[in-house]
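The data blocks that follow each hold one structure.
Common to both upcoming complexes is chain A, partnered first by chain B, then by chain C.
Right, the complex of A and B next:
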């Protein structure tokens, strides 16, 4: 491996880091909000909401992410909805991650001891208050590890946005290939940057686990 | 009907699928009265208690608490339940203490106590906090105000749970086998708190296996078996001189740890 090429490649690839982080952050934020809504629908007692939520997670877990991205980028304009490459990718990634995170959130909520709901009921709290103050805070502790795993996957899958022309890190790396036919060094740099980013997420998981642990 | 009745239950039925857990229960609890509910495991006593604040939805019958109707069987046999807001309004005045404490583990003792008064009653944090400290003092746990539930013993957790229920100024307290998940030597501290509460005039409905407590504190005892009240009366009568064979067999099983006679037919004839 030629270290000079590594050093040359780094700034070229790093230029795409903002887009990678942007795709990740937007998709995680939008996806998590969607996931919470879907999870609450799935545990509600309203049949239509349960059906919708079940349909949602069936659909978006069942279709390859790449095809969702193609839909957002190539198919939506055909029906008159033109998105920039970046927002098309955010749309696809959000729906895809929401379907997975919804299951994480739902399993976290139902894992909280039913006695907590009964105590809230007996104290005349509304269901909304009990969810917000009693159930969800306790479920976060349970959700943190699988939620972080999904978030790590999401970060790496932003590389697929290359195929809908978002100039993120992987796309910029491919440009180096075609400019100077160097492969090993740019791929190494790219892999190390992804690894550094996912390391931050894993550290975040450890901090979150410590924050939400029960005091004994 | 007794105008002093705080709780009036009539014709209460509850089935889970094909299993009839309660098969027609009638009783009243008067203001200031302590009623103990005893009976063998599976007799329906916990289910009956949980119907009083509608944690369990009855399949038949009528329940009235403090002049408000929680549920009422219609002439066509269907059940009509009060709406959510009305049920909450009733629960505001009915405290409940659970067998497994059900404290909120992410809150300190004092946070457990102030949550409902602030959220439900709109009490200010300062007022709720002051009241919580008084209540913790009264259950002997003022020094544990900032401890988390998992840092407390079972007996201490249960006393916090009692304080939490009392913070809503309930007219009625429901106790569901509250000493059953603590070590025997810690049951006494819970029972002492309950005894003081009874002396202060609290209306209490107590599902219990503590026959000593029932004898000493309860005004009345209901003996349940297979979803029916088999015997009821003054605590001294039911516990001291039970009329029914089934009650005698149960008391002997509890007090002498003798096996219970399962097919003991009731000597109704006398």
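Right, the complex of A and C next:
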């Protein structure tokens, strides 16, 4: 490995870090809102909502992320939805992560002791009120580890956006392949940046677990 | 715009060819991932510190980088030096990445076996290799089945990433057909349905295996 090429490659690849983080942050935000809606539908008592939520999870967990990205990028323009590559990728990544996070949120909510729901009913709280003030705050503690591990997967999967031409870090790395015919050095740089980013998320997870821990 | 589903019928043979490549990639990388994952799990549980560190480092590295980066390394760096075909490099990249996850699943399964079973096996003067094979791993499998199978479904879906190193599997052929016919909706829907069919088969297999390995009471 030629360290001069490593040093030359770093700034070229680092230019894509903003796009990578942007894809991650937008997809995580949109995906989490969607996931919460799907999770609440799944535990609701209305049959059509349960069916819709079950279908959503089955569909987006059964199809590869790359097919979703290609769908958003190649197929949506055919029906008049012309999204930029960045937003097509955010759309695909959000739907995909939402299907997984919905399961995390749902199992977190149903893991809260049933006595808490009964107690809020006894206090004549409405369902929305007890969800917001009693159940969800307690379920967050249970959700933190699986939620952040899905988020780490999401961060890594933003690399697939290179295939729908978003100029994030992986695409800029491939550009070095074709311009300079150098491979090992840019791959090394790219791997190190992803490792640093995922390690930051894992540290974040440990901080979050400590923050939400029960104080006894 | 008018949808023309006839394009799927005309492209059907090519889609099936692509599906076949996807299944080959999937089967070989699952095999590599499982064997390497088992070795890594046993290393992690070994008494030797060096083996534990190597295993820990491997898992940290491959879980910290995207599978696409592992594929690039297998194809552009390792594959070029050794002279691997794209398919072989794809199996190597997908398999080494899957191994990191399989190792954690197998380790968790082994650790979930009651310590009394280890103690009893030692009392019977069984060697470590012997009781691992005959006592511990068979019991650990029960615990591993659900997580192992959901990870396996992921391995199948992730194989689509191989399109990035030029392997013409189901996703790759669909993209080519979509570009040449300009019928992305019909073709990507067909590909999605094929993937949904394959993942559903694996889900059914998972339920069968869970029943097969359930404790009989």
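Here are some notes:
In this section, the second predicted complex is superposed on the first by the 216 of 216 C-alpha atoms of A that agree within 3 Å, B and C clash if a C-alpha of one lies under 4 Å from a C-alpha of the other, contacts with A are read in each partner's own complex, and residues count from 1 in each chain.
Everything that follows uses one rule, which is that a residue touches a chain if its C-beta (ideal position, glycine included) is under 8 Å from a C-beta of that chain, and two chains touch if they have at least 3 such contacts.
Since the structure is predicted, the reported quantities are computational estimates derived from the model, not experimental observations.
Under the clash rule set out above, the superposition-derived model of chain A with chain B and chain C shows the two partners fitting side by side.
Contact with chain C, but none with chain B, is seen for A:156 once the two complexes are overlaid on the shared chain.
When the shared chain is aligned, no partner comes close enough to touch A:206: not chain B, not chain C.
Look at A:44: by the touch rule set out above, it reaches neither chain B nor chain C. In the superposition on chain A, contact of A:215 is made with chain B only, not with chain C.
Using the contact criterion defined above for the overlaid structures, shared-chain residue A:54 touches neither chain B nor chain C, since it reaches no partner. By the touch criterion defined above, A:184 lies against chain C but remains apart from chain B after alignment on the C-alpha atoms of chain A. Contacts of A:63 after superposition on the shared chain: chain C is touched, whereas chain B is not. Chain A is touched at more residues by one of its partners, and among chain B and chain C that partner is C. Once the two complexes are laid over each other on the shared chain, residue contacts for A:84 go to neither chain B nor chain C. Of all C-alpha pairs spanning chain B and chain C in the superposed arrangement, the closest lie 26 Å apart.
Listed in rising order, the residues of chain A touching chain B in the complex are 113, 115-116, 118-119, 121-126, 129, 133-134, 137-138, 212, 214-216. On the chain C side of its complex with chain A, the touching residues are 1, 61, 63-69, 72-73, 76-77, 80, 157-161, 163-164, 171, 174-175, 178, 184-185, 188-189, 191-192, 195-196, 199-200.
Within the complex, the chain B residues that touch chain A are 53, 55, 88-89, 91-92, 94-96, 98, 100, 102-106, 115-116, 119-120, 148, 150-151, 164-165, 168. If you check the complex, the residues on chain A that touch chain C are 59, 61-67, 70-71, 74-75, 78-79, 156-157, 159-160, 162-163, 170, 173, 177, 183-184, 187, 190-191, 194-195, 198-199.
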